[in-house]
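Note that chain A is present in both complexes that follow, paired respectively with chain B and with chain C.
Showing the complex of A and B:
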């Protein structure tokens, strides 16, 4: 859980403001509230962003992730709460005074300027002289593989090239924070993966903070040091990608990331210390890491990842076995995601190797038994 | 079967053909035809006040070597350029206000108001300006009341500008507003985000981004002013001989249609070149 030292996130409720003010994080959002009239966009949100980290903020549309980024940039006012940078409150700093360049979803390159002039824009605004401006712009165009494009117009570039110009335009002023608002969403899958690698490399080499808003799991998990998952204006979970993948903090996170089966259960403690989880799909044994934290009679969600479940043909009623019907299959390269549904209607996802799937000879509509080891699975109190 | 298919194909061709027919017909009948006629006419002769088909370049020689023609040409160009610049300058703050400060409803109302002048005849509007500008007119009397002797405002360059701006301003405002309204507002946010304060954003971002609209607005104002006859006649009193007035005079005096055709052709060529130049400047990359 050491990743949580990078980032402290209070999921619900107002934190103690007294000790929050002491935070020495690079950027710190403290009890941020944002509402549009009646509608709540961001709800008492706390987030510390460490210097030089790549932080990805993700969530379903309308979760407040873009609003949060826009508040950081100064494009939106904060209804209440403080945005701190190096211990200074920056709520009242105008957009043009914040020095947090943004890579826009639409890129927002200036069509009336050449590639070089676009990159020079920030320097020009800072009063950097013509010759230096030019050489710094050309240097950054070179770093991003755009030599020879300096005098082109924006409309003469491909999507990937425009992306690089947008990056160069932000990075040329050597900011300590870069904001990115779904910057890769306009690119095709292949180019997007290539840019992910480049973005991560850039961030590591420059050592500056990237705050990256995305709805894409693959972008967030492949690049970020810290992933923040938001829902309805609040942070559901913040942590390392591995932490979030292995230990989703809420059923929402598990559902949002997908690939897990979720059983609503009630706990019952057995004499030997094991835990029995009673659900509408039967009772399950649990000996996993969260064993000791549970009390008798707690309402919990048992989350079992798709790769932890194995299946066999036919029905069965032993412990940690659920009989289910196959309702669908998706082929993802060498893997198959099998979608099952229990008699009680609980969806189950199982991940199999293509060849195992063939060996089992299962078709949609077949009855199968899904089972998992009592050590596997992850329990969340609900 | 084959006949069926060919009939269907034929009818599809006929359908497309019928719809695309009016444009070439119109262009041939009302543009290309008259244009050829005009060019041909410029080589005709006038004998005993009678137009006579001929092919002689005397009309071109006469007009292009006449000082009064080039004086009128220069005057017309200067007047039209001034009117275009004036209308564009006045329109700019209006269009900015309409596009960036007015709400959706107010914007529709204001833009609607700028269309209203087109409901009344341009000639009527120019006549009413005469009442204001004439000797002992409302403006002169008001100025006299506070001790300023303005003299007659009619037949002055000021009156010319009033008339031409009356003609062109609404159109220029509408063109500029449309181009500002279609401006991607994210560009302005991006400029702010890169440290461009509100005082610089107009010249560094907004105006360059809407340059096509500003240039096209000015081009329309120039075209209308360049060929205008009404203002030059009724507010300029014929004191400022523009090319339009020159055409009218040439036709009236001695039936010199061929020489008028020469003037008209020079005007068309001028407008064509200015339009091409303006458009290529408007869409030129930085």
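Showing the complex of A and C:
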């Protein structure tokens, strides 16, 4: 886990009552529940957000990520639990008292105001005088590369320019936290990548806390200091992008991120620093770092990343071998993602270089042998 | 779209016939109101403003016009306010039974006027209002507010649902956000609704006739004239009423269409 961020995900049971963690967290969600009648949207959620960090919250639709952001902004009531900001409980503050500007998925720019008037809006609500309002708005338009557009209408701007206006409108009041609700989802891929770079740069320069909700892996992993993965109203895993990529905490996280093969196994015996795992696809040996944590007879998931698996036309070359059939291929630049399926129906993903693919002369429907080193892979208790 | 010249010509002819069918009677009405002959016959007699002079000297007609204007000026603001409130509630809130409430709110113009007229008469006479101007006002509000709601709802359906919350998120209180976002976004449609309510109130005669008793509006006056004698004075009143309401309706249309094309 990233040493600079103190993120705690309480996945089971009540949180430790002595564990208040409000000393240095900028924003702290404590045991948050949110239900709509019978339906539970957020379930016993604990999350601390460090000041000045870029935190990305992701998960499938309906996982509660947007609800969480809306609760922070005050757009939704919290059924139970506390939202703390710098040690103060803010549950009961009205939307307009929270000072947490948000970049909306729809952008929600005011169409009847000019670009400058849009940016000035927050300052006007705070009672800042006309001259200062104007100069601060123009300053921010300048910072975001919109100098010549101050007097235009919103409908005269391109998608990327509107995005910047929405950002300027939030940042002009110099908040200490910015909420972003899938802000790039309306942009085309090229523009989205460009804006990701700018957002990250802005966040670093301003040093303010960004809470960024997205369903896009690339957005979350390219910008965030901390990624939070949610599922069914709970946090599955919170940590640095690297941590989550290398060590998914649950089979859900591994599946959600994709690019890994998952084998459901039972641990058999441990001797000489080697663990044997029994699965419907055969038995595998494992010598990786999580070896010591396992007891005999545990139900575990063995996660093997696509880049750790190699394939050969026949068996007898390596230790962990599974024979499988090629069911699909997908070309991504110089790489090929190969989808295989074992006799027991387990899907396997393999990543190969284009030229290796050509050397092997494999096509869809062919039988191959997939294998990986015993020290590779990652074990999750299930 | 590409159409053959024949199809195009036939379409134009058909459209011309349809428009003639719709507007010829009204135009005829207007022409005969300026004709000196006692009966509407061709060839036309001389041009005259005599019939207009006659009705403007008729106390009953003047009273009816005064009533019409008075009623419309009271009905339009109240009906527009009610229509706005209903449309805003629909835009902003979700609540149990919302669809049902909307159906009931939009229903009055779909009920046969005779039925509404009778029901209104029975109810208003029980509370001692029948035969008074307030009775006409109440009935007209019932009939016109659904139109106001429909026009304003159309506008709300084009407004980003997050806009008001975006204003609150930037520090605007509930009332301030309403003033800063909802009022500028809806003001033209509110004006359009206002004009349309006035027009409907101007034209309405069936329910007015039921509940008005001796109080008359201009459309009821036309009816009374028709019952007593055929006179070109009817053409004159009809023309004035028509021009007034078509002006109001066109005004409303222009406002609504301008919004739609800009959006």
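Quick note on the criterion: the second predicted complex is superposed on the first by the 366 of 382 C-alpha atoms of A that agree within 3 Å, B and C clash if a C-alpha of one lies under 4 Å from a C-alpha of the other, contacts with A are read in each partner's own complex, and residues count from 1 in each chain.
The definition used in the following text is that contacts are C-beta pairs under 8 Å (C-beta built on N, C-alpha and C of every residue); 3 or more make two chains touch, one makes a residue touch a chain.
Just so it is clear, the model here is predicted, and its values are computed rather than measured.
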{"item": "Combined model on chain A where chain B meets chain C, clash or fit", "value": "clash"}
{"item": "Contacts of A:297 with chain B and chain C, given as first, second, both or neither", "value": "neither"}
{"item": "Partner chain(s) touched by A:96 [first = chain B, second = chain C, both, neither]", "value": "both"}
{"item": "Which superposed partner A:169 touches (first chain B, second chain C, both, neither)", "value": "both"}
{"item": "Touching partner for A:106 - first (chain B), second (chain C), both, neither", "value": "both"}
{"item": "Touching partner for A:333 - first (chain B), second (chain C), both, neither", "value": "neither"}
{"item": "Touched partner set for A:153, first chain B, second chain C, both or neither", "value": "first"}
{"item": "Segment of chain B intruding into chain C (one of 38-46, 56-64, 110-118 or 146-154)", "value": "110-118"}
{"item": "On chain A, positions contacted by chain B and by chain C", "value": "73, 75, 94-96, 98-102, 104, 106, 108, 110-112, 121-122, 125-126, 169-170, 173"}
{"item": "Interfacial residue positions of chain A with respect to chain C in the complex", "value": "73, 75, 94-96, 98-102, 104, 106, 108-112, 121-122, 125-126, 169-170, 173"}
{"item": "Sites on chain C touched by chain A in the complex", "value": "160, 162-163, 165-174, 176-177, 180-181, 184-185"}
{"item": "Complex contacts: residues of chain B adjacent to chain A", "value": "184, 186-187, 189-198, 200, 204-205, 208-209, 211, 285-286"}
{"item": "In the complex with chain B, residue positions of chain A that touch it", "value": "73-75, 94-102, 104, 106, 108, 110-114, 117, 121-122, 124-126, 153, 169-170, 173"}
